[in-house]
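Chains: A, B and C, in written order; residue numbering restarts at 1 for each.
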Amino acid sequence: MELASRDVISRAEQTEIDEGRGVDGNVLLDLRHLGAEKILDRLHGTRELSMVFAGVDPIREPIPVRPGAHYHMGGVDTDVWGKTNVEGLYAAGECACVSVHGANRLGGNALMETITYGKRAGRHAAEWALANTTIEIPESTEQDAERDLKALLDRSDGERPWRIRDELARTMHENFGVFRREDQMERQGEIVAGLRERYQQIVVEDKGQLFNSDLTQALELEFLLELAECMVVCGIARKESRGAHARPQDYPDRDDANYMKHTMVSWENGEPRLDWKPVTVTKWQPQERTY
Amino acid sequence: MLKGDPELLGRVNENLQRVGIPAYTGSIEVRHLLWEISDGPGYELLKQAAHKGLKGLRVAPFYGCQILRPSKLLGHEDPDRPWSLERIIEACGGEPVDYPAKIKCCGFPIIQAREETALGELIQPIEQAVEAGADAMVTPCPLCHLSLDAWQSKLKKATGKDFQMPILHLSQLVGVAAGLEASELMFKRHVVSVDPVLEKLEV
Amino acid sequence: MTEAALNVEARTMRVPIKIWRYDSATGERALKEYVVDAPEWVTLLDVLDIIKDQQDGSLSYRKSCRMMICGSCGMRMDGAAVLACKTRMYDIVQSGHVPVISAMGNLPIVKDLVVDMQPFWDKFHAVKPWLQPGYEEPPDGKEYIVSQERMNPIHKESLCINCGCCVSECNAMESDPEFLGPQALAKAFRFVGDPRDQSDVDRLEDLNSEHGIWECTRCYFCTERCPKGVDPRDSIAKLGAESVKEGIDRDLGAKHAKWFVTSAKTTGWLRETELVPKTQGIVSAIKETRFAMTLALKGKVPPPVPPHVAQDVEESRKLYDLVHEQGRDGAAGIVQGERGIARMEYLHETSGEEPPDADG
């Protein structure tokens, strides 16, 4: 079981916790059978994390674990050279979606994003930069951005962003976590809308020009809210279970006939617009996972 | 280092044996004088021995790098907040003087290869000890002793500052407190005179 | 997200903390005290997050991963460089101590706990931190495979996360800001010791420059502070040994190091009187004469001739010859009984000149 893919393990863990067999909201991961030598040699980083954050040495005790958001399978749509649909903009790594992972990334495959596609995107971006000069940005776009920034910095009363961020995190975990249900996702849609409303009145305390992380964190929160809204729209639209998108209550099965396709979403006029893109199948035929 | 690495120990011993030297077994535990007399039975003996006392002499402790770090291998005390020299100074009837550079490097290892850099390190503890009002500095390391004492003249040449800070080795500090003669303690071999200290103590 | 959101029931504690605030634009500097209520499991980084969220949004510090892998959150606690996300607060709070947080040392402060990492990156780049394999990419469909065994000698150096905690307290760098420093040098060893890299000699030549390996003062602060166990001083010792083995021994530091071994070989002791001339060469040794004379007059140096020979010197001579026969002259570049010696032999056994095997 512990060598199954992550979505399977997450569901198993969450089920144990939900059905009351957890320990303080966790399940226990026992590595002791591997022995000290193997743990020190191969799982050095895991041991370090476990010792620092849980105060547990996996050589001697089981590690308390539970599912968490670890990786975004989706991201900025790119081709196999890291190119996005914005001229001159390349993406690589976790922010990008070259579409090698499908609905679930296998352990270790983030290295493919960084090493393989990072190299490809870097090379291409460099070649592009050498062959091109700057890109014209429409003046209105620039002005809009400046105006928004100024409005944000000029506001001196309002809510601090952290409550919105914490609420977003908590509710997404609750309603949009390991298991998803239509009504929960819809409710989450309303919650996110409410949070976006509140975001309009946030206040940035740091007004300075120097390393203003209060400002950057506030801007990031805006993006997080927009991303959450995209996730809600896409999650509701995908009426099946596939990889990390698990709907055991309403749509427990994989539905290749209707949903073997990529979910594409773009931000238009302040809201997400949903689209689909067909999957190109070449050498390997998709198969049902049977463990 | 060897004890924690059986493979390396094996290779070292093989070489030792090939030239006819008995193998290293690791049965001897290496302890520093500093550790022996700053705690436990050694500390009690020290208090008895230091009967003459330092009469409130203000002494700045200077530890030396490799008695503190890497603390994983040495493990006697917190390398950032060491206490052993202070305890010894107190047991000898002196008053320990605190200053930030007491755990830093004296510059000795590169005093020949990179003199300027070394002097830039050396000046910190001496200057801070002077500012903190120390009558003398004490160190358990013979090389720290050498650079703190002998290279003060070079500091003077490089910076114009003439500190004249007397530097005692740990054994000398204990010796003074125990009432040993100045001649026994070889003070005449010092570059910076220890006389002001001796006068203060009316030795 | 602060973990607080997910752990509503966690027991809390009151955490007092002092932070050195600084603004490089105005030059203002102030020690501010904060008190926050936080779950018992918090790290220093969590505490800073709570302060920034709830008490003072202008507090600046770097962070990203929150799990000791990105290297962003290096800062000082009570004068010692730490990773904020690795530092648990519970024991400190229990002890009643109020920690003082400040920016790392040896780098210019931008704001509060944020330092300008540019000098750090400049040195990092100066050691060419990339692989120079010197062989062609393998034919299509093939790849070179390097065994884990051959990579082991540089395993700990590969763990470096570029956090700068070692640089923060490097004593040599405090005195000479141009010193390449522990991070860059540890990184350099990561490539010198890499069996795939074919430019060791060039690299070692560069590292033997004015501000290279021989400027390290062996204070061991880097090793003490490194949160990832890289042990940069050990890497520097190995670079010294590799240099001497390659015959790059013009630096006074290398000569100094070698003399320890020669001296032990010929007399079984350290011939201190000759240490200065053997290290510095005759001309500068003459310049040093007055200084040496002062030391000699004070009886600081043993009488110059004849060198005093230890009873069992034969043993140390034989040992020297044996090590020489085994092709491990690099050991002559290591001054003290440093750990650098520990993995050297292993490294020599495994680093071949030919490219690794191509495999399908």
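The rule is simple: a residue touches a chain if its C-beta (ideal position, glycine included) is under 8 Å from a C-beta of that chain, and two chains touch if they have at least 3 such contacts.
Bear in mind that the values here come from a model prediction, so they are computed numbers and not experimental data.
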item	value
Graph separation of chain A and chain B (steps between touching chains)	2
Chain whose average C-alpha position is farthest from chain C's own	A
Chain A-chain B separation of Cα centroids, rounded to whole Å	56
CA centroid of chain A to CA centroid of chain C, Å	36
Centre-of-Cα separation between chain C and chain B, whole angstrom	24
Chain C - residues contacting chain A, complex	1-2, 4-6, 23-25, 41, 52-54, 56-58, 60-61, 67-69, 86, 88, 110-111, 114
Touching residues on chain A, where the partner in the complex is chain C	45, 48-49, 52-53, 160-162, 165-170, 173, 204-206, 208-214
Chain B contact footprint on chain C (complex, rising order)	78-80, 171-172, 174-176, 179, 214-221, 223-224, 231, 233, 251-253, 256, 275-276, 279-280, 291, 294-295, 298-300, 315, 318-319, 322-323, 326, 335-337, 339, 342, 345
List of chain B residues in touch with chain C within their complex	1, 5, 8, 11, 15-16, 18-21, 65-66, 68-71, 73, 79-80, 100, 104-105, 107, 109-110, 112-114, 116-121, 124, 146, 150, 153-154, 186, 188-191
